[in-house]
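Across the two complexes that follow, subunit A remains constant while its partner is subunit B and subsequently subunit C.
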Partner chain A sequence: MYNVLQRISSVTSFGLSALMAMMFAISIITINMSNNPDISVKLHDIKITKGRPDYFDKTSRNAEFARLTFDIDADLSSMFNWNTKQLFAYITVDYPTAKKKNNNVVIWDRIITKKQRSTLRMRKHHNKYLFRDIGLKLRDVEGAKLTFRVNSVPYFGIMQDQVLDSYDITMPQI
Partner chain B sequence: MGSKVTSKPAAVKQKQSIRQILSQILMVASVLTSAFMLWKGLSLATNCESPVVVVLSGSMEPAFYRGDILFLHNGYSPIEVGEVTVYKVKDRDIPIVHRVMNVHTEDKTNKQYLLTKGDNNPSDDRSLYNKGQLWVEREDILGRVRGYIPKAGMATIYMNDSPKLKYAVLGVLCLFSLVSNE
Partner chain C sequence: MDQLTKLLEKGQIDLKGQQLAEKIYTFTLFISGALSILVSIYFNEIMYSFYGLGIGLAVSWVLVIPPWPCFNKNPLNWLPVQSVGAAATSASASASKKSQVPEEEDDDDEKAAGGVKQTTVEDVDDDN
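Right after this comes the complex of A and B.
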């Protein structure tokens, strides 16, 4: 009545659907699991320099670049649950300019894959990526903010973005 | 008399088997079309040409590995910084899955200038763009990654790597669906 192939196919199909159901349940349960990360970013200094040769971006020659110096104290261990594969922690500078109402530039990031390494203590750190505007000027910028964000990637399920903390900063005028 | 009795069931049997074959073919066709409809429906709901993609490269490791499946949603809202997006550079065939690192949104038109980077790459994607292109725009974004399943797309990678395997699997599947009852 039932041959071997039919048995194999029904066992695998049941197994796969059970696996899918379990993974679906896990991904639902672990959304918005409570977390209270502890963040503090302290900005020391912003220095603006002008001009930098860049093979791909010829406008860099006349653009202003900002070099930030900052401290990070962060404890992200509470953001790890049993469905967290990695945290992508990053700091952006968010600012408006005359022509662009919203600019977000990532200046630093860190990929954290283990709970043991989720405590950050960094002193006098500089931006990892160049910080320049799409226009050339950074000196005129007002209302800039330094924002610490985390994007968490699960083993299975939904990616989540979180803004953890935000600080007002002033760009040097001279 | 005897021959009449024996021939009648044979004729009935033959008719039934033709019907069976036809209904079998119809069933296969309905499975194929419903799968296609589901795909297109999902595509409409997410405003995304292909809402399910398989990762082909290791440039987003350790978040995504080769063979992982990503579920995309495009929508109409502006892109936000830090999102992982799938974009296609104009006149290129292969879409790229990378993270948005810079966002510049224009005041009146809401036009967005985006710069992307793979988590596992040392520098941004300007070397992947067209010559002289500095930014990716909103129209180039095919989708934003929302959901994730590991390793489930490995089969499609194997099949794309060797077309013979693809046709063998397709042939066997078609044979099974036509031969098996129910």
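Right after this comes the complex of A and C.
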């Protein structure tokens, strides 16, 4: 604080500390802002086919692949606050098998970066990603659930993964 | 580069002024941070809080960094400069004013100055 150089140094370093404190305060303030999104996912049907030629994955000839058809009606605009950078909305199928207790397979996702684009309306949409099990069989699965999750990504603070809605589905037995 | 360091080492302020400057920039930055959070809550725009803090930092730079006259109101009163070599003449004259320096040392200095040649005493003074 004695000469100009020391004053520049101390003022700027205190300013950077204030910046850090402000970012921390922002992340605390916005951590649980109220949100009440409307979600409804309607499953039309599930088709299971066996085998799919893949040069690099020899197991895919014997694996079973499921193809889902579903409707999505979602209004996520209330999840945007002034500290939200983007929303990562995704649908998983959660199911237990004999080998593994807990399986979560992401079948669809979308990154929403603007509040104007946060209303989703989809009709007869298919899964975006392949849905197969690591144990090759999907027919015997019971107790599967279709879960709509949203991970809200803030500018500052922690990312929060929320389960917004969950539906019981039955895999076709054949 | 030398000129720059000389420039940066200028602008010295006294101790009370340093205290005042620290208070000023702490207050400015704290208030600007709190206000900018409120503004960005009101406008729902996160960048406003950073602009606000940046403005506060610029204001505190302007307020604190130049050696404004209000930081130099309480200058330190240093003891007058005394050279050991000329102790016989000037030190004895100003000895009555020095309250902090014990008198015995003064006497020793005077004896040393009387005993040794003036040039050697000055060399010792430079080393110290």
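Please note the rule applied: the second predicted complex is superposed on the first by the 171 of 174 C-alpha atoms of A that agree within 3 Å, B and C clash if a C-alpha of one lies under 4 Å from a C-alpha of the other, contacts with A are read in each partner's own complex, and residues count from 1 in each chain.
FYI, contacts are C-beta pairs under 8 Å (C-beta built on N, C-alpha and C of every residue); 3 or more make two chains touch, one makes a residue touch a chain.
No experiment lies behind these values; they were computed from the predicted model shown.
Once chain A of both complexes is superposed, is A:Met122 in touch with subunit B (first), subunit C (second), both, or neither?
Neither subunit B nor subunit C is touched by A:Met122.
Thinking of the overlay built on chain A, is A:Tyr155 touched by subunit B (first), by subunit C (second), by both, or by neither?
A:Tyr155 contacts both subunit B and subunit C.
Should A:Val105 be classified as contacting the first partner (subunit B), the second (subunit C), both, or neither?
first
According to the stated criteria, A:Gln86 is in contact with first (subunit B), second (subunit C), both, or neither; which is it?
The answer is first: A:Gln86 touches subunit B but not subunit C.
Once the shared chain is lined up, is A:Ile31 touching subunit B (first), subunit C (second), both, or neither of them?
After superposing on A, A:Ile31 lies clear of both subunit B and subunit C.
So which bits of subunit A does subunit B touch that subunit C touches too?
Residues 155 of subunit A touch both subunit B and subunit C.
Flag every residue of subunit A that touches subunit C in the complex, lowest number first.
1-5, 7-8, 10-12, 14-15, 18-19, 21-22, 25-26, 29, 81-83, 155
What residues on subunit C touch subunit A, complex-wise?
7-13, 18, 21-22, 25-26, 29-30, 33, 36-37, 40-41, 44-46, 49-50, 53, 56-57, 60-61, 64-67
Can you check the complex and tell me which residues of subunit B touch subunit A?
Within the complex, subunit B contacts subunit A at residues 62-64, 80-84, 99, 101-107, 113, 119, 124, 126-127, 134-135, 145-150.
Which residues, counting only subunit A, touch subunit B once they are in their complex?
Interface residues on the subunit A side: 23, 27, 56-57, 59, 85-86, 88, 90, 92, 94, 99-106, 111, 113, 129, 133-134, 149, 151, 153-159, 161.
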